[in-house]
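Attaching a single structure in structure tokens format; questions to follow.
Labels A, B, C and D are assigned to the chains in the order they are written; within every chain, residues are numbered from 1.
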Amino acid sequence: MRTLIKNGRIVTAGDFFQGSISIEDGVIQEIGCDISGSFDYEIDAAGKLVMPGGVDVHTHFNLHTGSAVARDDFFAGTVAAACGGTTCVVDHMGFGPAGCSLFHQLRVYYEYAKEHAVIDYSFHGVIQHVNSDILAQLEDMLVQEGIASFKQYMTYDYRLPEADILRLMEKVKTIGGILTIHAENHEIIEYLKDRFIREGDTAPIYHALSRPDYCEADAVNRVISLAAAVGNVPLYIVHLTSALGLKHVISARASGQTVYSETCPQYLLLNEECYNQELDEGLKYILSPPLRKKRDSEALWEGIRLGHIQVIATDHCPFTIALDKQKGRGDFSKCPNGLPGVEERIPLMFSEGVMKGRFSINKMVELCAANPAKIFGMYPKKGALLPGSDGDIVILDPDKEVTLTQSMLHSNADYTAYEGFKLRGYPVMTLSRGEVIVQNNEFIGQKGRGKFVKRQGFSEQQTII
Amino acid sequence: MRTLIKNGRIVTAGDFFQGSISIEDGVIQEIGCDISGSFDYEIDAAGKLVMPGGVDVHTHFNLHTGSAVARDDFFAGTVAAACGGTTCVVDHMGFGPAGCSLFHQLRVYYEYAKEHAVIDYSFHGVIQHVNSDILAQLEDMLVQEGIASFKQYMTYDYRLPEADILRLMEKVKTIGGILTIHAENHEIIEYLKDRFIREGDTAPIYHALSRPDYCEADAVNRVISLAAAVGNVPLYIVHLTSALGLKHVISARASGQTVYSETCPQYLLLNEECYNQELDEGLKYILSPPLRKKRDSEALWEGIRLGHIQVIATDHCPFTIALDKQKGRGDFSKCPNGLPGVEERIPLMFSEGVMKGRFSINKMVELCAANPAKIFGMYPKKGALLPGSDGDIVILDPDKEVTLTQSMLHSNADYTAYEGFKLRGYPVMTLSRGEVIVQNNEFIGQKGRGKFVKRQGFSEQQTII
Amino acid sequence: MRTLIKNGRIVTAGDFFQGSISIEDGVIQEIGCDISGSFDYEIDAAGKLVMPGGVDVHTHFNLHTGSAVARDDFFAGTVAAACGGTTCVVDHMGFGPAGCSLFHQLRVYYEYAKEHAVIDYSFHGVIQHVNSDILAQLEDMLVQEGIASFKQYMTYDYRLPEADILRLMEKVKTIGGILTIHAENHEIIEYLKDRFIREGDTAPIYHALSRPDYCEADAVNRVISLAAAVGNVPLYIVHLTSALGLKHVISARASGQTVYSETCPQYLLLNEECYNQELDEGLKYILSPPLRKKRDSEALWEGIRLGHIQVIATDHCPFTIALDKQKGRGDFSKCPNGLPGVEERIPLMFSEGVMKGRFSINKMVELCAANPAKIFGMYPKKGALLPGSDGDIVILDPDKEVTLTQSMLHSNADYTAYEGFKLRGYPVMTLSRGEVIVQNNEFIGQKGRGKFVKRQGFSEQQTII
Amino acid sequence: MRTLIKNGRIVTAGDFFQGSISIEDGVIQEIGCDISGSFDYEIDAAGKLVMPGGVDVHTHFNLHTGSAVARDDFFAGTVAAACGGTTCVVDHMGFGPAGCSLFHQLRVYYEYAKEHAVIDYSFHGVIQHVNSDILAQLEDMLVQEGIASFKQYMTYDYRLPEADILRLMEKVKTIGGILTIHAENHEIIEYLKDRFIREGDTAPIYHALSRPDYCEADAVNRVISLAAAVGNVPLYIVHLTSALGLKHVISARASGQTVYSETCPQYLLLNEECYNQELDEGLKYILSPPLRKKRDSEALWEGIRLGHIQVIATDHCPFTIALDKQKGRGDFSKCPNGLPGVEERIPLMFSEGVMKGRFSINKMVELCAANPAKIFGMYPKKGALLPGSDGDIVILDPDKEVTLTQSMLHSNADYTAYEGFKLRGYPVMTLSRGEVIVQNNEFIGQKGRGKFVKRQGFSEQQTII
């Protein structure tokens, strides 16, 4: 099976040029001016942009929270991803039963994904307690299963005490992995949440007020301090939202620590004004960390431009406003936390980022594909258009104008946080390992065709970002 | 009893002028050009500087640490203070037995001071656990005893969990007090200390390396974040040492939080090179937080100049090198922590601060007398030369040249950390409530003449700094 | 002639206390609890604040600009000052005829002030060209006449080329004076002004747009760089308005340069929105530098708090909107530049600064009286309440509520920029050298009673700020 | 003529992968895993890095300064460049006769290069005066000759007054070009130089002291302010050297201005200690701006990492120490300014940058090839390895160990500033348009084979950096 994409303007993290790409058996063979030979399938990308398929390293498919289950399983979720130009996800495993082995959740998630996912996928390990068994399993996970990243929460029931974080960091460093962190100060949240609820302040805006910027920033700073003590453990701060938190990241990087950070479209494009709308509207935006002030968004855009933030992911975690989110009526703290977004990411970042001059199109590829693939050990198989890379490609029409609306999207959520956004540029075709799986916003592939990606350890990276 | 000080150059936090001061029954009556009337005692201060006596709000007399007892009791310690130009101390009460009432230690300290202290004194409350009884006692301490400040440790056995700190802060805010904080991240210290000892790194320098700047900075930032959650509780960071910690203080103050900070002469004038001397020499400087790098000292001097640091105190906690400090041979973590310094403060700050042009003489009065008195509810009784103020005065000869050496000092420690420092300017007379108690470096007052000072709450302050 | 002020709460740059002040022959004799003796005049200040009279070091009485003459001469201007609680001004001499000696303008200004001024005064020298004669005269001005400060413009016709600024700085440094600077980049202003006028953009807002923040900041940075080359010449930046300019000041001070800066109430309390009102309203606010954005004001307030800005003056330069300002109809560049303000300063800073918690009352005395007196060589004669100081005192009723309006003010301008401001606290009595000259907002002194103040050189300062 | 490079590890600004490159008639045809077909020339790059040839946008071949002529003409200079892995230069035209047309120097430089250069080249226009003719010629230069960048000096005889800079900027903006700036404050240099010479301070270190960091920073800030007034004219600061100057660049970029900056290996790897060696040694390092302090170098490395500095060039301007530099004996100001460096750049940046972990190898390609090509309108013809790009390639052996020494280099200078540097990694082959011109450090191409590159305007850039 040989495919040719020709006449397109090819975009990678570093380059932008007119050319052709040939793919054979799912793998890119050549990049050329004019590639000769015979092909089973030829795609004329004239006037279009040909980019590495998106890599979204922060999704929550199938997630069971205490109060609700995320509405997208690995089928619905990956179809939505593919339709939005994303060809690979790294999903965050949810917590397992108390005391369970690291492999417990991995087995659960293998089941979730197998026969469902339509694009390639991996998982981040989740650390919910620390002991010598768990620490031994970390290495097994990496060596045997190619799970190269592990997530640690600083809030929620399974947050780790600092002494355990230190032990965990030592191990992650030794095995050459990377630690991802949900950074919010648990005690501040509990204190404020209790106070607000006690005082009858239950509206959605109090969700935001109970998780202020300094609550995030304090946790970011702390995890950075702990990593410094252990000696430069690679850190990856998920969903960074605040100017204050970013300041700590910048300072740590300047002093030589390996700290990456991720933000999400919602933190760049929406802000806490959303919570002050009528109740049903406000509930839609309950997610953690919450939306911030406009000046935080501006700081994030600048952080991206200056290279302090390396990844844009989504934290896709879809609920319905009709049912799930209603639990937050009368008490914001009961509302399931999360937003859909896996499908909107690439279109939003192209339209709001590139077309509005906030960053270059190369930067967009870096943020949405190359960097996440590199940091999480999948490059150049994923996130690149190189000979030897998987034929994971999105073709985007830069002139297509679209007004975002729920009905055109593929998530099982019943709303999009970006309803009515007028976009310029939209994906028109998605290829996964050389196969066209989305055409004109319609998924035309096979359910379950996605494959698990065994990843390399962070220390195997050939290049630093 | 009427005393007149005439012909001197009077220095206060705001002014510098030629004038006379009359004192009656221990209290200043008038400030004038030429004060007429008859006096029991006339002091001709021609060519001398007449300044408010020093207020040292960070001493540890009588302190029982686990492994040793600070060598100065309230007699020796206050004599040393007086000889160095300090006329008032606020001592940090040590920890009491587990679970004890707040008043337990107060009673112990009343005993320590009574019949011993030669200058006026107060104590900072110490919070070693939090429950509703303790919280109720906080208010009693302030209202009944005039104990307006409470200290909380973020390391050591009696450190408080964050949830307790939040409760404590709420109470301190309600009663109008101020919280003082020893800010170091406990887990980082334990982790590094264990690692170093395990690896045989036991020399004094490892004391410093086990308490790095980010260990302090993390705790500073955290306590600031907690205070922000409660809503601007007044904080006072004791013995700030690092550029990194200072950065957090600056940022909090810029955003409107009430955060004061104190540094000490040792952090301004000495640095971690001290630990790399021969063992006996290195042990002398084991104190917590440890001495830092030269660039930290520079940041502190600048922090003082720009008003980010408001107080210079001493953390006076004297041990002998002959005996006490020897416990650190072979294991830095066994060495009692602390330095003497209550006597050296005023001479050092005059000579190294004022005479070297690092700050003005008014700033020196502010840092060493007026500000600590204001922050801790003793102004204008202490820290000022105003009609109505106590006649606590130090007369300093700006031209007197002194080479600091242990034998001239009055602490029971057997060394000074500033041996050999060449000073220009030295106190030549100290008055406490109008009585000359030190003349030419000799204490001539009565043992036990010092009185407890009942302080006002922070919220009673008439003016903000 | 002996006067006693008793029962007041006395405020100085450093202190705040209950006490009495005795004045004899215009000079303060004593500060005491209870001063005995007989007095010609006793003032009961119970419930009032007793503060050093304001020192305004930036006024333009009698100023002849090209197109108009400032409406207040030294009589009207100093009466307004006195009614607003200011007891000393340092007026900026205007430019003289091309090539004139430094003394030319001094003689003109002696004439302006003599027999007119009702409070004490001095002048800043103005440097409109540089040659060896002028440089020699600088020293004569300081030694013979006590003119200790010299102003240099970086815009307008008499701006100096950089090479001349360097020569001037060398001389000012040698004689121990201080250089004051109007810092705006001339070429940028000319370029933008021409462009706007050419394009028909003539409304008042274009006045602001033609003098953007970076135009000020560039000039501030340049003069600081030049001073660094000469070797730390003392600089005083007049009317600093922008966050960007302040950044350069902060950076220079941090690196050890002696740079003071002044801002004015208009830059703290008003912003560029004023220019977008109807034409007549907009013209009122045409002054240079122009009003800035709200975020600049916030940066200035913070700069004050952190000690980066040392002085609040007024740049008082009154015109009428009925006549003078009309010249700006149809062309902002034809409008005389300036605002009245000498009378509003103290009330505004008390009400908006102290009462709104932006700074302490001590800080207010520092900014409005002590610091300007110190920097410009008049302390402790002016700016202080000390034995030996002139009896220049303002008594302020902190509870008096006033709505500012033109009719209550004493300038010949026909408007106030602060019309309708609701103030809490207002001066109720002003004394100049012990004589009550304003009572209940009415001037009751003698025309021409003000005296010229011979100032000391900056290098004679006994203390650094 | 078809060439194949196979088995190499290919490095571009964004990617790093194993692959092959085919070149036909000087132009890259394909990038592939395994490229089939027949080739005239096959290069086995196993174990080697295959990178875009270096683009050095700051050289001074043939330069006539007042006192000396740079020792490398376009033959010697480009041979040195090629041997060091650089395949394209943009040379800075020197000043022409007073009042000359813009085209005068272009014709002179066409002559210099033609029949001499061995790699491709272009020139930066030089603006030595401004009038309407010159402004008209700017557009002609760009449209007719592809000269897309123009240099303006802020010091030296041909510096432009600010009003002219503003006019020039307007024009550059209109035509879509970019302005390059030598940023040093002329008056400060003259003032300090005169003072030092007058006082007998003639040693090389005074060269550095006469051009302090604030002298550069002031000029950087000024040109940025002027560009802001005109409205975001693209600026390119050549040879940025100081932390202080960088601060202004960062601030401007953060506020949205298009400001690029370049630094050079000497500012990263050498510092002002060099001037304190014996006289002959010190003279070698006389260049402008001068070498700075170590902390400046550190700031530059960080500036590179964080993307504030986009280009590393050389400012290659070679003189001999035996003859030329001797003019500086007894008077630093008589010494010709400049260093050789065109050959050392790529090896130094690989060894000191990549191998020491200061930046990634992709970043190195970005800094030394892709970014300069993009900024100056030659991408993707130069600076990239893409189908359609010129076959300008350097093959580097990452394991080759070399101790840098003058005898191995090809410049006519008689010294290298990096004598004795131990390098790891060195270029082993250079191709220009598909032709191997350097092999094992020997030039094997034809004199005069280099071609002039017609560049595109800055506004034609397809992507922003």
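We adopt the following convention: a residue touches a chain if its C-beta (ideal position, glycine included) is under 8 Å from a C-beta of that chain, and two chains touch if they have at least 3 such contacts.
These figures come from a predicted structure and were not determined experimentally.
Student: Which chains sit in contact with both members of the pair chain A and chain D?
Tutor: none
Student: If you take the chains that touch chain B and keep only those that also touch chain C, what is left?
Tutor: Touches both chain B and chain C: nothing.
Student: Which chain is most remote from chain C in terms of Cα centres?
Tutor: A
Student: Nearest whole angstrom, what separates the Cα centre of chain A from the Cα centre of chain C?
Tutor: Here the centre of chain C sits 57 Å away from the centre of chain A.
Student: With chain centres taken as the means of their Cα atoms, state the distance from chain A to chain B in Å.
Tutor: Averaging C-alpha atoms per chain gives centres 50 Å apart.
Student: Indicate the residues of chain B shared as contacts by at least two other chains.
Tutor: None at all.
Student: Okay, what are all the chain pairs that touch?
Tutor: Here the touching pairs of chains are A-B, A-D, B-C, C-D.
Student: Going by the contact rule set out above, which residues of chain B touch chain A in the complex?
Tutor: Residues 161-163, 166, 185, 187-188, 190-192, 212, 214-215, 217-218, 221-222, 224-226, 228-230, 247, 251 of chain B touch chain A in their complex.
Student: Spell out the part of chain D that touches chain A in their complex, as residue ranges.
Tutor: Counting only chain D, the residues touching chain A are 12-20, 27, 29-35, 253-254, 302, 305-308, 357, 359-362, 365-366, 370, 380, 384, 386-389, 462-465.
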